[in-house]
Amino acid sequence: MSQMTMVQAINHALRLELGRNERVLVLGEDVGRNGGVFRATDGLMAAFGPDRVVDMPLAESAIVGAAVGLAMGGMCPVAEIQFLGFIYEAMDQMASQAARVRFRSNGRFSAPLVVRAPFGGGVRTPEVHSDSLEALFVHTPGLYVVMPSTPYDAKGLLLTAIRTPDPVLFLEPMALYRSFRQEVPEGDYEIPLGAARVVRAGTQLTLVGWGPVVPVMEEAAERSAVSCDIIDLRWLSPIDWPCVLASVEKTGRAVVVHEAVRTGGLGAEVAATIQERAFLSLEAPVMRVTGYDTPYPVPLLEDDWLPNLERIRHAIKRTMEF
Amino acid sequence: MVGTPPNVAEDHLVDWFRWMITMRTFDQRAWNLQRQGKIGTYAPFSGQEAAQIGCMSALRADDWIASSYREWAGLAYFGVPLVQPLLSSAGHPDGGCMPESLNVLPIQVVIGAQLLHGVGLAWASKLQQQGRVAMTVFGDGATSQGDFHEALNLASVMKLPAIFVCQNNRWAISLPVERQMNVRSVAQRALAYDIDGFRVDGNDVLATAQVMRSVVDRVRQEQVPVLVELVTYRLGAHTTADDPTRYRDAGEQAAGAAADPLVRYAAYLTAQGLLDAAARARMQQEAQSAVDHAVAELERRGRVDAWTVFDQVYATRPAQLEEQRHELQQRVLAHRADGAGGGAR
Amino acid sequence: MSQMTMVQAINHALRLELGRNERVLVLGEDVGRNGGVFRATDGLMAAFGPDRVVDMPLAESAIVGAAVGLAMGGMCPVAEIQFLGFIYEAMDQMASQAARVRFRSNGRFSAPLVVRAPFGGGVRTPEVHSDSLEALFVHTPGLYVVMPSTPYDAKGLLLTAIRTPDPVLFLEPMALYRSFRQEVPEGDYEIPLGAARVVRAGTQLTLVGWGPVVPVMEEAAERSAVSCDIIDLRWLSPIDWPCVLASVEKTGRAVVVHEAVRTGGLGAEVAATIQERAFLSLEAPVMRVTGYDTPYPVPLLEDDWLPNLERIRHAIKRTMEF
Amino acid sequence: MVGTPPNVAEDHLVDWFRWMITMRTFDQRAWNLQRQGKIGTYAPFSGQEAAQIGCMSALRADDWIASSYREWAGLAYFGVPLVQPLLSSAGHPDGGCMPESLNVLPIQVVIGAQLLHGVGLAWASKLQQQGRVAMTVFGDGATSQGDFHEALNLASVMKLPAIFVCQNNRWAISLPVERQMNVRSVAQRALAYDIDGFRVDGNDVLATAQVMRSVVDRVRQEQVPVLVELVTYRLGAHTTADDPTRYRDAGEQAAGAAADPLVRYAAYLTAQGLLDAAARARMQQEAQSAVDHAVAELERRGRVDAWTVFDQVYATRPAQLEEQRHELQQRVLAHRADGAGGGAR
């Protein structure tokens, strides 16, 4: 065990898997010599050579499209999209290609690849870099979507992702890359596909969120008189409904938190399913605390735009008083 | 198609013709099947048989192929069963399930996207030292897509054994090639990547086969990509949903028909004493029965259970898909019990 | 007035606007000489010439990207994406470019363009052609999204869309192109931006849907003993919440229907918002009848996959009996 | 930079140098402002001043420009106020609000996407017979994107007055140009579209200006696109978040510095008797004060109300945005009343 940041934990997972499985290769813009713009791939090229850790030309469709070919051809590519906002350039390769290899071939081929991408707010990036786009991919059957909120989860989930025989989109909240350290095992471990994490047990209200908002939810719960169950979904596709529903059946109230814009965000799916499956348990409507319905704002405005402590507390209060 | 006969065995020469006849027969039959409502949208390849067969003739049995929806003559020659295009057009899930013995990707319809898969496959082969090349086949229209450029650039930078074959059949649905691009040849675009580019008369199966053989050998040995343009002509409609008289004139169609590769090749083989009327009639008959056989096979595949739609989304079905599958299955089975059939809308 | 199919109504709208405003131009694959693969642009090139109706090279990013430039440069482009499934190739130009021109320039520039795209099931297309992707664009601030379900609406909504000073995604249900005719005025009319259509008034349950499922909802309601309010949203972004909520407050029950896959579909947003804003009116959870969570199936399987009469009736029954 | 002086007025020659000095001064100041936390991520352009200014010098005041995030020297020369890059890096909404008097698009960061906007703008100009050209500026990295290819192909097919200027500064973050592409020049890619391609020493402001003048004239008159490659070098880091010592060696950096276009041009002007130490000192001082002025202006812009984030999403705010705006406004105002400041997380 050692204390690691999330970005170190990701680096460890990649290093471990590159060492363990020679079919694994890492590819993306600036992932080699430079070690990634966030250093997530730091030292990997030196350790494994330029055939295993590949600096790619500046073309996202080529990165994902080639990864699809590599995967069909027997390799386990771990591709990086430098910032999630640029994945639109590879949208066809994600949604109509990677996600459909197994379906289209009726099982003859598969595409076991991982696409890693940093995203999320609070770090003062230029436009497009901070957008939370998870909802688009959760709405795309054939993909798995996962998002860690701790160093421990980041390593275990990434190892699971690389070993999953279907494509996984692995979303890394930039704001959590170095925001805290945690004990992380040096060795190998996985976190089961599809399992949410109960961050904190409570009785009066369920807080559901993922990625960058998890620490914010934790702080809100700590400072609140209301006893909150906190669920970090982790796997956004598939969602761990039994975990969410059991909690809401216990508490009778739920607030969903995410950074993505509100309309059509994944919070809508969580709220819709809760009301559908736990209707009689609900004492109040499921409320959502989310980004507003605008493009991600410029840095001077982002703090007020993001779901913050105050907004979560306000939603808890409104839900309790409903 | 004159001059010294190419350096190929006589039985190959005749075999190519046999395949051209077979696939022309198939193509016409498929068109009719669509008109009879037995299969869905179908994209005929008549006129492109020489380009397709010549191009595949150079491959090794384990090479990769990532092609377009119009490549069935080439794919059949390469070993894909004739029932495959029928299943595909009929909208059967097995339409995309290529034989385990071949490294042929299922058809995907997003123009240009498979070029990048070809690049990845060539890369995988190189990394695993399998000695396979990856051949990608696409139309003249596909060359306008960004993926075309990204694929050729990446293959060139990474020095991958990828062969990019453009079937330039002059049309992308209604757009003639001179409105698709402002260059006189697709092959010329190789200059943008410092790779070799060849422009070949794709309606000459011998020329195509010969160029392709040297290209495939070079790509396999030197592990570099090559771009090949096969100049051909789509004799028929874009698909069964298309009416080419709306956008091309009778004169052009007639000129295209006059350059029909089957006619040309038959004349050549006859002149060489390799084909006579009897042999041709026999081939025609064999073709007919091969096609009949495929049609019968299509009919045998019968109906598919709707709930199998969930079976190849992931290797392991998540709980939610399992639930949905169960619901659909119960619903369809209840219907069947009612004698109501397969849940028409 | 004359009897028109939806595809004729669309053609009329384009013709009218090309005639009325010389800044309007139509561009896309096969829209000129061929008149569009569905004949939506039939005769327009002959009438307005190749400068106004333009056959484009096969490149969706170029079609939308050039339209963004044209729009910033003072034109009103109406671009066609031949089938919505191919819009992934233009996803960046849609979501990070068209949708952000006004925002990025803080109002200095705008991009008044329309992107038309056929989509939807039941017409036995090859893969990718039938996918319903509206949720992705509703989750993209800066875009308007609209979807007619009748010839009358198609013409009026398209005229509104072309005159809207921001980008509009205009989604055309293929299955309805020629499925019925309706009286459509020859002249000019608009349908207000953001206004849903109450298809049928009822008292016991609200059916909300859009596009291809509207006639199916109508048939279900006709054949049902339950008195249904039917709302055709038409505008998916922005959604006419007052209309939806007023109905649910009246009926106390709602079923949402769409062809798109269930998880993360726009039905989730509708259900989430209804439970949030009309919680105390609800007698039963909001149910959803949708496509299943798989890629759009091959033609032999699509009928059983799509929301059909039986599934809607079943949902109505379950909701009434809840 | 020897031989016959180019056909430009002397005051232009000196003016270019003044702008080079001003922008070098600006660039260093901006770097420091970022280090002081006064602005956010900033992409320095030092080393590329000659390429940028030379390139813009050929445009007409109403021409269109769609450039990248690193083009501020050229944009400033073209008339964009110096405060603009500061607002942009500070994350102020006005960072993208270019002056009404100029047809300059706001910076967009998706590599390559603006090339298509340039094509559309050139097209709009042609249709409206405005006689404007549209100049798109992008890096060597951008040439790998599909949008590069789609843009050049479309402009060539439609014969549009579009000028594609590649600032080949040898690096795309950490990727050297020879791993970005396997061709010896970007200009060579013009062959893929049958358009003219020029490769110019972008660190020679005179050569750049001269080539660009003839290119712009030709594009305006003949309504055809042209591709220009300006060979230059990024002297500094990719951005303030980058550490180039991780991927390029000291030798290369030193060689780059030795070819600094400011040094070269100063030597030329001095030799021509157009510049002396006194003039240069004066220019340096003026530069300093212009930059000071911009920084002061940035500080004056002060804080922005968070709820204005809703104001430029649509021309007219839909009801839901109005509601959300109201909520945000109330919340922030309540905070302010509490004296708690702007809602930190």
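Order of writing sets the chain letters: A, B, C and D. Residues in each chain are counted from 1.
Assume contacts are C-beta pairs under 8 Å (C-beta built on N, C-alpha and C of every residue); 3 or more make two chains touch, one makes a residue touch a chain.
Predicted model, so just to flag it, every value in this text is computed and none were measured.
Visitor: By mean C-alpha position, what chain is farthest away from chain C?
Guide: It is D whose centre lies farthest from that of chain C.
Visitor: Measuring centre to centre with CA averages, how many angstrom lie between chain A and chain D?
Guide: 34
Visitor: Counting in whole Å, what is the centre-to-centre distance of chain A and chain B, each centre being its mean C-alpha position?
Guide: Distance between chain centres, rounded to whole Å: 39 Å.
Visitor: Where the centres are mean C-alpha positions, what is the separation of chain A from chain C, in Å?
Guide: Distance between chain centres: 30 Å.
Visitor: Per the centroid of Cα atoms for each chain, what is the distance between chain B and chain D, given in Å?
Guide: About 46 Å separates the centre of chain B from that of chain D.
Visitor: Mind pulling the chain B residues that touch 2 or more other chains?
Guide: Residues 93, 95, 108, 110, 144-147, 150, 153-154, 157, 179-181, 313, 320-321 of chain B each touch two or more of the other chains.
Visitor: Name the residues of chain C that each touch 2 or more other chains.
Guide: In chain C, 57, 59, 61-62, 85-86, 88-89, 92, 96, 100, 103-104, 127-128, 141-142, 239, 263, 293-295 touch at least two other chains.
Visitor: How are the chains arranged in terms of who touches whom: line, ring, star, complete or other?
Guide: Shape = complete; every chain linked to every other.
Visitor: Provide the residue numbers of chain A that touch chain B in the complex, in ascending order.
Guide: Touching chain B from chain A are residues 25, 51, 54, 56-57, 59, 61-62, 64-75, 77, 92-93, 96-97, 100, 102-110, 141-142, 144, 165-166, 194, 238-239, 241-242.
Visitor: Please output the residues of chain C touching chain A within their complex, sorted ascending.
Guide: Spelled out, the residues of chain C in touch with chain A are 85-86, 88-89, 91-92, 94-96, 99-100, 103-104, 127-128, 135-136, 138-139, 141-142, 237, 239, 260-261, 263-269, 271-273, 275-277, 279, 282, 284-288, 293-295, 322.
Visitor: Touching residues of chain B toward chain D in the complex: what are they?
Guide: Result: residues 144-150, 153-154, 156-157, 159, 179-184, 188-189, 191-195 of chain B touch chain D.
Visitor: Please output the residues of chain B touching chain A within their complex, sorted ascending.
Guide: Checking each residue of chain B against chain A gives 64, 66, 93-98, 100, 105-106, 108, 110, 113, 115-125, 127-128, 134, 146-147, 150-151, 153-154, 157-158, 311-315, 318-321.
Visitor: Would you pull the chain B residues touching chain C in the complex into a rising list?
Guide: Touching chain C from chain B are residues 40-41, 69, 90-93, 95, 108-112, 141-142, 144-146, 172-175, 179-181, 241-242, 246-247, 303-304, 306, 308-310, 313, 320-321, 324, 328, 331-332, 335, 342-345.
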